[in-house]
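The structure that follows is given in the form of structure tokens.
Letters A, B, C and D name the chains as they come in the text, with residue numbers starting at 1 for each one.
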């Protein structure tokens, strides 16, 4: 069994968690506002990565314009699918399952458009070289550092947006009580569209980071969609701060699962299953996520037993 | 017939039922009234097994039935209807009624292919359903999806489904709510008739006092989770306390 | 291989197998209202079980029976904790279950060959010559399809089927008429899973090779698309949906072989199919064949 | 100021309110009372665009507002306080007030100070989440929130539902205070007697029909009031 570097695993966990924040944020926001799990979110993630590829590798315009374009294009794809598909379905009083299936349709359309444009083979970011270096016992690359910084920055920015700006507060108000928001004069259609834009845009940027760290394939988004579901389900759907906690917990669980897997002689591939198992356990035992667990109750019951 | 003893139900510290005692006698039409939020629907939900009581007893023919689930209570002869009708929208009116029949042989997976056996029972159910549709003037809608019925027709269907299972006692939650007054009077007429001709017992939540006055044998008034007045309708209606709780004085 | 007939038979076999899969989703979702987004898991369980049984020398009938039993049991085991969940949670849970299962089969070589999968799975009907064998496949698949279709229609036209539909419409109301709905939901899930297992068994013996990569979530989504397009709650619609989809897919392949288009026909076919799914949901949400009023036998 | 003339209203196709006429005059507290199921909440909802008006008309300051959307009606200067879910539970008190004043472009601060001067008890909770407030405080906040849009008229649906008796008195006193401060109020109440104490005029609704109207004193003095109220006399 190879030597285990706990600090390295911890660092990797933070990288994974930060990436999950990027991809899960939009998923939880649209889930809350439009009330269905959007499977096409996977393709919002994928499209962003390909746009960065097109701008930096194919057009040679550099990474910053690439990320900006990815943000914009993914955002428009997100808001476009909301305006053209999900909102009309909502207005026709479609069921949640119908919305879910429609999002599968949207995902298929986008995925094969991507495949048509860029082909189905693996692509790599050749112009972006991230050489590894050591900080104490931890080996890292610049990309990983950027992912962590982006994740933290994003948390701060979204926190400020939601608590300090009028539009951010209106987003929270709409999520909590659309009817009342409307009677306050909030244009909830506009707010919802903005949320779809931001959520998809961030997913696109997250997709780029994921692709830069691994490789670029049309199923890129799918490889992170289920963990992203795990993150938001764990944090409690609709809870921004719960989502952040969920992202890092899943990040830690995935990376630390290597230790028991290795000691049991199992494949480390199973670390990707950690998220799936978390989803199943959480949904079955505490469907509202960590927040839904009656922590006080558990505590009291134990105390009570102690007394008797 | 139905007896409730010192029934309590809390929802997270909120005492919705605070010691309810009542008894419904056989073959009577018994009304339950009380202002909004007094706990009427909660009382029904506890008796019908949707919620477990926090404490207290529910007895059906002397047997403890509190804590039993809706399907178990059904088998003991207690059926309830919902304040807001809950039809099976994409089943026909006839199928809605047939479904409510009890102990159906053909509902067991392994019996599905014993055609002759379940078809005989189905025939009996069909006769009964037709009789009920006749009684409730639903015959012309027999083949219509329940989802296409009007509010008043749905109320009748609720009642019809409950009748299908030959219950001993029926709990009706606002059977005439949202129904126009003429139909409401007809509906209560039917209920009265059923109680007298079919050995049925009814326990009814209703807010149309004038209707209950004319059609019930006995009344309970629930207020803040307790029965505060009971008796014959005339007596209850003349009771100052009843008017006071409705006006918010107590 | 002579183009028309070989192609046609192959297409028919696929349409038949996916038709069975689509039927299995219809009893769960169309009929009982349980959105199973892990359909591929039970398809996979059936394929692997059947492959392992037939590879050990047992006849196909043992393979398909075993596939149905194992898939059905797995269906019950998954459903017991999961069917109490809200529909979106049920969907995500079953989706995750499928992925876990695929990951296990991929990584554990000792179960069924890991990434490489299983090769040389014997056919149900071994006949002389490629063409004759192909006809044999068509016969086996369509006999199975006919059996499942008749079986499920029989269920639909019995008080049992009426009850499943009532649960779909309003579970609490069904309970208050004395029906143990959880029990019935688990049964529906078990039947659906067993039928999906049979489809898996037919798939394995037809391809003679199976591997984890054949059982990606896209398979589940395809089946959903078939059912939505064909008509939710209508068993004929479920089969029709499969024919529409496979027709699309094969049409694209033929185009690829015979036409020179500026776009890859395979991509084009998925894009059109995705759009078709959306258009159906928007403008004809009940599907091509509407759910019918069912008269009992 | 506000007049609903011969209004029949309900949901879908079912008629709950049958040809009711009510009027609210400037600076008055007008109360509609009636037992549950009488249709009084539906009447109120039809005025603010949350239930359908089948026939009749609703006139506000000479303008026909029948069947407009809620936000359009709110923009015309009518504040609406629903019976339930009338605050944003995941927002702080201050944020709730800000959302109430969402349409105000200038002078949000001043408006908030004005509103808070009417509800001084809210000031010490400003940065707290609404979920920690008591039922009475929430009700106060709901009313305060609706005032943030600077309405001239308030429509309040059962402000005392599910409140402890002591709080009932407090909330109703506050509503009277608002009328003194110049707002017109149209409310629906089940706590009939207590509501009448603070009202200038009242209507009694039973089974969807208006059965009685008048000044509270006249109504309370009527010997058969209780029976009328319960729909036993017409």
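The rule is short, and it goes like this: contacts are C-beta pairs under 8 Å (C-beta built on N, C-alpha and C of every residue); 3 or more make two chains touch, one makes a residue touch a chain.
Keep in mind that this is a model prediction, so the values were computed, not measured.
Shared contact partners of chain B and chain C are absent; no chain touches both. When chain centres are defined as mean Cα coordinates, B lies farthest from chain A. Across all inter-chain contacts, the pair with the most C-beta pairs is A-C. Chain D has its Cα centroid 56 Å from the Cα centroid of chain C.
Here the CA centre of chain A is 43 Å from the CA centre of chain D.
Inter-chain spacing, taken between the CA centroids of chain A and chain C, is 30 Å.
Taken as a contact graph, the chains are arranged in a single closed ring, with each chain touching exactly two others.
Interface note: chains touch in the pairs A-C, A-D, B-C, B-D. Only residues 166, 169-170, 172-173, 175-177, 179-186 of chain A touch chain D when the two sit together in their complex.
Interface of chain D with chain A (complex): residues 48, 69-71, 74-75, 80, 82, 85-91, 95, 98-100, 102-103, 145, 149. Note for the complex: chain D touches chain B at residues 12-16, 35-38, 161-162, 168, 189-195, 207, 226-227, 229-232. The touching residues of chain A, when paired with chain C in their complex, are 36-37, 85, 88-89, 92, 94, 96-98, 100-102, 104-109, 111-113, 115-116, 222, 226, 229-230, 233, 266-267, 269-270, 272-273, 275-277, 279-280, 283-284, 287. Only residues 154-155, 158-160, 162-163, 165-166, 168-170, 172-181, 187, 233, 291, 293-294, 296-297 of chain C touch chain B when the two sit together in their complex.
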